[in-house]
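Structures for review follow.
Heads up, the next two complexes both have chain A, just with different partners, chain B and then chain C.
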Partner chain A sequence: MITLAAPGPRLRAALPMLVLAGLMAALGLAVPGFASPATLLLVLADTATLFVLAAGLSFVIVIGSIDLGVTATASLAGVVTALLLPGWGGWAFPVALAAGLLAGTVTGLVHVGLRVPSFIASLAAGGVVGGLTLWLSDAQAVTIGQTDRPWLDWVAGETAGLPHIIVVAAGALLLGWGLQRLTPLGRFGLAIGASEPATVASGVRVARYKVLAFALSGLFAALAGIMLAARLTSGSPTGASELLLPSIAAVIVGGTAITGGTGGVARTAVGALTVSVARLGMTFLGVDAFAQQILFGVVLIAAVAITTDRASVVVTK
Partner chain B sequence: MLTAENLRKSYAGVEALRGVSFEVRPGEVVGLVGENGAGKSTLMRLLAGTQRPSGGRILRDGQPVSLASPRDANAMGIAMVFQEQSLILNLSVAENLFLGQDGEFVRHGLIDRRALRRAALHQLAKVGLDIDPDRRAGELSFAQRQMVELAKALALEDRVDRDLVILLDEPTSVLEQAEIDLLFSRVRDLQSRASFVFVSHRLDEVLAISDRVYVMRDGAVVAEAPASAVTPADLHQMMVGRGVRTEYYLESRQEPPRSDVALAVRGLGQQGAFRDVSFDLHRGEVLGLAGVIGSGREALIRVLFGFERPDAGGMEVEGQAYAPRSPADAVARGLGFVPSERRTEGLVMTLSLGANITLARIREAMTPWGLSRSKEQALARDWISRLGIRTPSADTPCRNLSGGNQQKVVLAKWRTAGSRVLILDHPTRGVDVGAKEEVFRLIRDLCDEGVAILLVADTLEETIGLSHRVLVMRDGAISAELPAPAGGKPEQVRIVEHMV
Partner chain C sequence: MTTTAGKGRASARLWTSVPWRALAPVVVLAALCIALGLAADNFATAGNFARIATSAAVPAVLATGVTLVILMGGIDLSVEGAMAVAAVVAALVLVAAPGALGAVAAAFAALAAGAALGAVSGAIHVGLRAPSFMVTLGTWFIGLGLAVWLVGGGTVSVRDSELRVLALVRLGGLPLSVWVALGTVLIAWVLQSRTRLGRALFAVGGGEDLAAQSGVPVGRVKVAAFALAGLCYGLGAVLAVAQLGQGNAEIGTGRLFAAVSAAVVGGTSLLGGHGGVLHSLVGVLVVVVLSNGMILLGVPPYLQQAVQGLLIIIAVAVSLDRRGQGLVK
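== the complex of A and B ==
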């Protein structure tokens, strides 16, 4: 049996930061010009969408569940935005966000109410949402016309060289961090992930908070979908599907255990940066796209192995 | 011959076994008795290979052996019949019997069902069990399953070239008298082929079946005697290790309860678990619930705290109708629950002491600007000093605390939540002897403050010592109510006669 040396709790907490710093340093040395402010801004802008998607997902992973429907929700939000902008203008955004919120809430209700494992509930919900999106979009990317593009400025524009998308992601980070740090939701989420029976026995309305976690995941996914559509100036019905593995990787690489009970949005920011810096680095170094996928899978498994306190996991299903 | 020398085992700093020496001779039935928490089950787990000792050694026929898994123990001819049965209910009896040995029945990569069935019939015959081996284990009665487990243990003799030792952990606790008689006669028949270790709470049974008896107390063997030389009363005296020590339970601090009723239960029932249960629990009162496993008291407290719903009757809290749909409803009405499974239900072990203390009422840690770590820590530090919790800091994860200190955190949680009715389910389980007395003190403190307490205790002695009144449950109904005022505590036998 192979046993990975399990790092102590303190090292485990610091590891994601160290990995990110190491990657940045290595790239800075290997690629001239990487360390320039312009490149770093590019990296941040490139990471923004992935981060927002992963940030929502971290609410769900913290409680020990998983939401595999986030990318479908993001695609739905992108398509809804692209479809509604011509007629509704700026109202397209709240409608797209509400659609994401609804998709997440329904997933949560199915998971909690019908006691369907979140893995299946979210996979199925993702299928439904994906089908709905294809129907809405006629299975084609919906281009956002020239006249509607000013509406996208809050995401796609830039002010004094600072891409707005970075500000949007920072806002999402602040919102997510505040929810986790300053509200009962954050505390109960950790408690549910670490020990649901103890949380139930303490009188916490666990079902409610679980649904809330899924609702937030849907909301953040919708925001990510809007960001993606704004950057591409089109809403693609499958546009976000490539992001599922990277977004889970971002959460886990950031140091949130897949079993729940630790971590959060701030860690996911580190994880998302790590994922996108790693991807950028591989592209710089000429690693081809398929090999990148393989490497991602391997890195994800390693990250899960390191972040999980396997001594406390008796049975893995 | 199976010998244990100076075995030690500690869990998170709590010593469950402190140097136990123990011997099973060929063809012998050895009884093992002791109160809950005395270390019997721990000793069994070490001998069965499900846990490893922290010190000492185990010898088989004089040779030291390392039992790292049940498989290792099996290879040494040691098998355990588990208290919580280990049969897989959706597999057939035959499949269960040879689980892990399936390889012997594989022909050309497929399982030879006929051979498996034949072998199973052979094993079942040994214990005199006449059932179809193709039946699913889940279709059998509890007693039949136990016989299958015994057959499974005995099947070892065909594979291991030494005399067997079979560990029976509380085999009779859920059996009817006729089933117990059957089990005992089987054990007698099999004595020539195996030795047995028999763990039970029922002292008369232990003496009836055993050749020799060990008595354990607080993680050590305190006596060993031939079964013919002792009486149940002797054993009890040795298990408890003291005469009537009223001050152990701080009886002098037991004040009469107040007159107002905190929790009223009327005709409460749940299909198949308990029926027609009625009582009043007053403020400042400890009401002890006595009863054997299966008497319905566990199910009753789960209904009282809203984990499950009753089918009949009703409840009132402080004079208002009370029908909890979840523990959250119970907590909202001022109830608190100290569960017996502290590590899974009592505390979130990876969260800090402070986070656990505020878990049942998080608004105590809220400010207008959100959850405040500093407010929470201040609150936690207050409880640390008031309850004498020994911890490096208010930020320490609860899993790093000892059992007694963890239990104090659970109590601090409910006091923070302002609970006025507390259900204590085995509050001293897994708690050191010294820390037990502190838990008793905290229970008296709660009474002084007018909290009403429903107590399900580890031992009858504890129930009597702490309670103002004892309700005895038998077969799902209340069979007796005995007052237990300070200075007028009932005898244990008076309660036992209503339990069985």
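== the complex of A and C ==
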């Protein structure tokens, strides 16, 4: 069996930051002009959607579960937004968010209520959501017409050179961070991830918090879907599907262990930035998009291996 | 079970001794066929049954592979990635070496590519002790990336190759691919129930730590299961290439879903240790008959995916024996 040199707990906590700083420094040296404020804003804007998707996912990964349906939910929200904007105007956004919240809640209920393992519950629920989305959109991207585009200004516009999408992502970060730091959900979420039996024994209503984590995952995914649709000015029924791997990678690379119990939304922000800076760097180096996918697969596996504290896991399934 | 029935009440004992839980998928399949036979005029025809068998060939081979992994308590999400690599490799070999010999070489190359990717998944899972769904999620995309990279994003047409005999030549009214799939299920069944590896798979699925203490080489068994599963995906890719007359990276799209639903609908427990490849064959038929019926009844094609998703949830919820289970992650 291969034993990786296990980094100490403090180094392990600081590692994601160091990796991000190292990547930024390397890119800054290799690419003239990378360190300019304009480029950095561009990086932030490009990271925003991925971050919001991954932020929701971190709630679920912290409790030791996984949500493979987030990208389907995001696509659903994008399609709902694009379909409803012409008739309903701004009401399209709350409806899309509610659809995401519903999808997440149902996934959580299937997982907790029927006791179906989360990866299969979310895979199946994602299949249902994906099927509904294809049906709603007739399997085609729904274009958002010129007249409805002002509605997208809160995401796609910019004020004094600051893209609004960064502000939206910052709001999501603040919301997620607040939920994890200031509410019982945060504390109990970490406790559930660290040891579910102990949390149950302490009298915490574990089931409720688990469903809540999935509901939040759905809500954030829907926001990410709206952001994606706004940037592309169309809602694609499969538009978000290629974000699944990067979003899981963002959570794990940020330092949240796949087994749960550590990490959170703030760490995921670092992870998402790392993923998008790495992607940018590869593009500069001329690595093509397909090879990037291979690399992401490798990075994901490596990050899972490094962040898992294997001393505490007896059997790996 | 039989002890709960009253003494002397033979009929009651007979009733309770029937393994209903294990037979449920067969009952579901029969009910489905009867219902569709009544609802759609053109369901119960020889032509339609041949169509069902033909479209069940690839899912059956894939589900057989997934089942071997699920039996030992793991999961393999890399179906589509492994198929993509294998299909592209097969197509490239076919282009480089036309003729019958080329077709054989292409089939073997595809099998080898699938098995290699599976072995890599297994080795990473065992070596790094990373959860199998995570590792295979990674290898899924590694496989897709490799496939796209190999063909530069396009499609390799092999319309005239000898490999297509698998789809075009019929034996007993059914394409050769159906017989290949049946043969695969049979071989896997022998492997599962008559060999040491098969027993080890059940042992690992039933309780890994116990199996390890009883001297089962758990690591090797796991790698072997993933490699065999990869071999099945490679074969699935060969059949798909023969059917479609082309190889590309998207050849596996949507296949994971059908394979996993077939396995769980058939009654193979996701916790490992229960079920088998014959269960999955029933599961495949349920899934394929259902989508065939939905087409005949004019259900919008995109809703079929949604129905399959629901099917997975129901099947897992019904079949999981949760009594001895502390927590579900």
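Please note the rule applied: the second predicted complex is superposed on the first by the 317 of 317 C-alpha atoms of A that agree within 3 Å, B and C clash if a C-alpha of one lies under 4 Å from a C-alpha of the other, contacts with A are read in each partner's own complex, and residues count from 1 in each chain.
Everything that follows uses one rule, which is that contacts are C-beta pairs under 8 Å (C-beta built on N, C-alpha and C of every residue); 3 or more make two chains touch, one makes a residue touch a chain.
Keep in mind it's a predicted model, so treat the numbers as computed, not measured.
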Inset, instruction - Based on the superposed arrangement, let me know which partner A:P197 touches: chain B (first), chain C (second), both, or neither? - result: both
Inset, instruction - Report the partner of chain A that touches more of its residues: chain B or chain C. - result: C
Inset, instruction - Could you say whether A:R10 touches chain B, chain C, both of them, or neither, answering first, second, both or neither? - result: neither
Legend entry - Touched partner set for A:V304, first chain B, second chain C, both or neither: second
Legend entry - Which superposed partner A:W135 touches (first chain B, second chain C, both, neither): second
Inset, instruction - Classify the contacts of A:G127 with the two partner chains as first (chain B alone), second (chain C alone), both, or neither. - result: second
Inset, instruction - Would you check which partner chain A:G261 touches, where first means chain B only, second means chain C only, and both and neither mean what they say? - result: first
Legend entry - Contact residues common to both interfaces of chain A (with chain B and with chain C): 197
Legend entry - Contacting residues of chain C [partner chain A, same complex]: 73-75, 124-135, 137-142, 144-146, 148-149, 153, 208-209, 219, 257, 260-261, 264, 270, 272, 300, 302-310, 312-313, 316-317, 320, 322, 325-329
Inset, instruction - Going by the contact rule at the top, pick out the chain A residues touching chain B in the complex. - result: 178, 181-184, 186-188, 190-191, 194-195, 197-205, 261-262, 312
Legend entry - Touch list for chain A against partner chain C, complex: 1-2, 4, 64-66, 110-111, 114-121, 123-132, 134-135, 138-139, 196-197, 245, 248, 258, 260, 288, 290-294, 296-298, 300-301, 304-305, 308, 310, 313-317
Inset, instruction - State the interface residues of chain B toward chain A in the complex, per the touch definition above. - result: 305, 307, 326-328, 330-332, 337, 339, 341, 344-351, 355, 358-360, 362, 366, 369-371, 413, 417
